[in-house]
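Okay, so chain A shows up in both of these, paired with chain B first and chain C after.
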Partner chain A sequence: MHKHLLDSYGHLDSPVHRRPAWLKVIAALATVILLVVSPPSVILFAAVALILLIVAAISRVPAVFLIKRLVLLEPFVLGVAVLTLFQPHGGVRFLVVATRSTLCLFTLVLLANTTPFSDLLDVLKRARVPSLMVTTLALMFRYLFVLKDESARMRAAHASRTFTADRRHTWHATASVLGQLFVRCGLRADRIYAAMCARGWK
Partner chain B sequence: MSGSIRVDNLCYHYPDGTPALRDVSFTIDPGECVGVIGPNGAGKSTLLLHLNGLLPDQSHAQGAVHIDGERITRANLHAVRRKVGVVFQDPDDQLFCPTVFEDVAFGPRQFGLAPDRLKQTIADALAKVGLSGAERRAPHHLSGGEKRRVCLAGVLACDPGILVLDEPTSNLDPRGRREFKSLLKELPATKVIATHDLEMVVELCSRTILLDRGQVVAAGPTVKLLSDEPLMLAHGLERPHILLHRHPHPPMMDNSSFPLECATWTTTGCSNSS
Partner chain C sequence: MHIPDGFLDARTAATAAALSIGGLGLAVRRARVQLPARKVPLMGLAAAFVFAGQMLNFPVAGGTSGHLVGGVLCGVLLGPSAAVLVISCVLIVQCLAFGDGGVLALGANIFNMAIVSAVGGYAIYRGLHRIFPGERGRLLAVAVASWAATVAAAVVCAGQLALSGTAPWSVTLPAMAWVHMLIGVGEAIITTLVVASIARSRPELLDAARPAPSRGAELLLFGGLIALGLALFVAPFASALPDGLDHAATLLGFAARERHVLAKAPLAEYHLPGVQSPALATALAGGIGTVLMFAIAWAMARLLVRAERNGPQPTEAPGA
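Up next, the complex of A and B:
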């Protein structure tokens, strides 16, 4: 019964959380599309940012948590945005791309933390997203937690028998933990498939 | 509603050639509860998978498994899986959906239950395992005992005549074990339980099959089989404590003359808290 880092705040109770999931998905999608297709404008970006901040405040999701999430995802955005620096007027373009993507990310982080994941899956299902994709997403969400626990156990087991701070040794051990994790995932996938078949999966 | 099982000369070897089951034959009558015991690697889990047609690789298998008199073939696989419910050893393998509701609904949905009856079926299944109202919870927030009971609920929701359980009490605390056992006791279905928990076998199963190296070594009334100490020891098992009661208990580390040290425990009467 532990709270995972991976867990979202989707189960809080706030005016934002109480809105139907489909409404939030459509709103989020509309925001992202608006941000992507509109010509760059400081006023628009500021307005969207303001709205998002108000929604975040109403949702009562801790600000620190949201910022952490954003920072975690930011390297991917910046990594791509940096490429624009090499173009003419790179500085301005960089700012536009970075702002746009950050706002999009913030929208999605908010969506994910104001809606339980299972409700999001329901919306996808009702929107006729191919069931194979929905099932894959559902399985991924479910087993992230199991895998995280499993890798934590393996790392603990490794640490309990590590008596040296030798860096090469650490790299070697990390590699074998990763390899083991991969093999175990494969075996677990077999067992999950058997369990699915046992209950009539076709 | 309970079903029967007949296994005829079942042989199976793993794709790498290692034999897993050799000429296994037995029958289980409707309503019976049968234990399958044996050391690690005896082939218990492999046998259980065969009871549900889960090892489709027929090139590695010979012999036949009959459910309710009907031989399992590729054609009737889904009908068989509806009759035979399997509770796997690791609940994390079995609970693959994001919520308890979705998970318990998985089987009934596959078997085409009408959506308007789904909610009631799931509520009933959860009530049977004592977890009413847990529909919205996520599997990773359940305790080990709760996970196990949700697994059982997911199987009961399909209303199988035969229940196959692989190590149902492993990793459970004594309370979880006790609760799970009394839960099983009340179910009318035919049960096959593979386990190392020999006390449970004595409590639940009228008949037991002893498996070692993929072969049936012995089969018969549970108390008679599990009381045969030389046989049990020869196959990596032991005579369970519950069957030793008529004899003096073995010497134990008895330090009762020392006082108990308890800090804040008062409800159950540890007397010398200081």
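Up next, the complex of A and C:
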């Protein structure tokens, strides 16, 4: 489900990418707050959509990628939005909420794909987020891809040694992969700590 | 259960954010005291583990698939404060780097999944494990805690959505609770299997979250925070009389919605003839579900621990 989520265009070069990260974060936050706080109006939604499309065009992030990303995340928006249908004037509310939420989502997707994650971390650090959290976020982002590959390797190794695709076994297998992955995380964390100390951390 | 942006009004989002910041501050402070420096990288790795673990799908009935959420698993493996920190980081990365879950809703998402689910789940696990000691007791406690924590987070989430005026409580509660009573079963089974697999290969890791001397105070503080959240998000609806609902919507909805609600209030009441009954039915179902979950958990614990005694599982540690 999250497979495509791991690509990012944060490292492209464009006028949008060159803006400082804090500016983009504040702009994105302001857009989302504006969308959430203001009473629903077609003009506002259209204006925000237009601005976002212009930013997307300048940023040179491929349109196909953006559409794919939105399509991937849209089910979560619609899943919650369905709840609004069961009340008087549900249809109108559904449209309002779905549009508003989709525009917010578009804003976030644009922010994520015009700003490298390390720059976002820098913004968090400057916003006085505790250093333990920033370190955790940084390490998490660094090892996300490593662990994803590791779990894929473990699954492949398992698949190549078994011939049944019995459901009960799949659950067992997934659980052992997860358990083993956690154990390896602990070992890897110890090695990382040693490496960090060797390089003068703290 | 990631709430996207646009579903919570500013007031609910701000309240939830304040509670989350309080919880995170507490978690960071506790983690700084409890965690030795060499365990700091483990936080990042555990967060990456939860994220990567959520990408491993397993088949559920009818062509759908599920995945681990990991709140209670983190609580059991790392202890409450570290779990809050780890799950919050997962939610922050999912939101900022991948657009999964809203940025204004981040406070609510952290409160529901990192605080209610992980800490609440840990507390239930500890309590039950104390009543049911031993290896089987542990697995039973893990299963029930995972289920209950998933449902509890969903109920709080339903309260936040209703408080925001997105949909009435009589809709959000049954919808969220029912769906998550089912999702919770999957979460309970997979969490229990993972804990059983870790208990088989590295039992000492499960003792890492043994109660530290200050853990009682820690749980008390988090408990107060959760109680405050319940009072703010769920209690307004606990006596869910129709006029109470309208009153809350009028009080908390913002201008445009307020007008809408006021004008349509009588209609709304006619459209929802038994506002109280869905909530009651859901509460009843929750009770029955808890009993059922205990039965499932007991059966699983029996099965898994006996299997271990009779020799290793056929599918153990692939690729190890």
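Everything that follows uses one rule, which is that the second predicted complex is superposed on the first by the 156 of 202 C-alpha atoms of A that agree within 3 Å, B and C clash if a C-alpha of one lies under 4 Å from a C-alpha of the other, contacts with A are read in each partner's own complex, and residues count from 1 in each chain.
The rule is short, and it goes like this: contacts are C-beta pairs under 8 Å (C-beta built on N, C-alpha and C of every residue); 3 or more make two chains touch, one makes a residue touch a chain.
Here the structure is a predicted model, which means the values were calculated and not measured.
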item	value
Which of chain B and chain C A:Ala138 touches, first, second, both or neither	both
A:Pro75 touches, of chain B and chain C: first, second, both or neither?	neither
First (chain B), second (chain C), both or neither touched by A:Leu83	second
First, second, both or neither for A:Ile192, with chain B first and chain C second	both
Contacts of A:Ala173 with chain B and chain C, given as first, second, both or neither	second
Partner chain(s) touched by A:Val109 [first = chain B, second = chain C, both, neither]	second
Partner contacting more residues of chain A (chain B vs chain C)	C
Intersection of the chain A residues that touch chain B with those that touch chain C	1, 117, 138-139, 141-143, 146, 188, 192, 196, 202
Residues on chain B engaged by chain A in the complex (per definition of touch)	49, 52, 54, 78, 81-82, 84-86, 88, 90, 92-99, 102, 106-107, 110-111, 138-143, 154-155, 158
Touching residues (chain side chain C, partner chain A) in the complex	2-10, 13, 24-25, 28, 31-32, 37-49, 51-59, 65, 67-68, 77, 85-86, 88-90, 92-93, 95-100, 102-104, 161, 166-168, 171-172, 175, 189-190, 193-198, 200-202, 205, 254-256, 260, 264, 267-268, 271-272, 313-320
Of chain A, residues touching chain C in the complex	1-3, 5-6, 8, 28-29, 32-33, 35-37, 39-40, 69, 73, 76-77, 80-81, 83-84, 86-89, 93, 97, 100-105, 108-109, 111-112, 117, 120, 130, 132-133, 135-144, 146-148, 150-151, 153-158, 161-162, 167, 169-183, 185-186, 188-190, 192-193, 196, 202
Chain A to chain B touching residues, read off their complex	1, 4, 117-118, 121, 138-139, 141-143, 145-146, 188, 191-192, 194-202
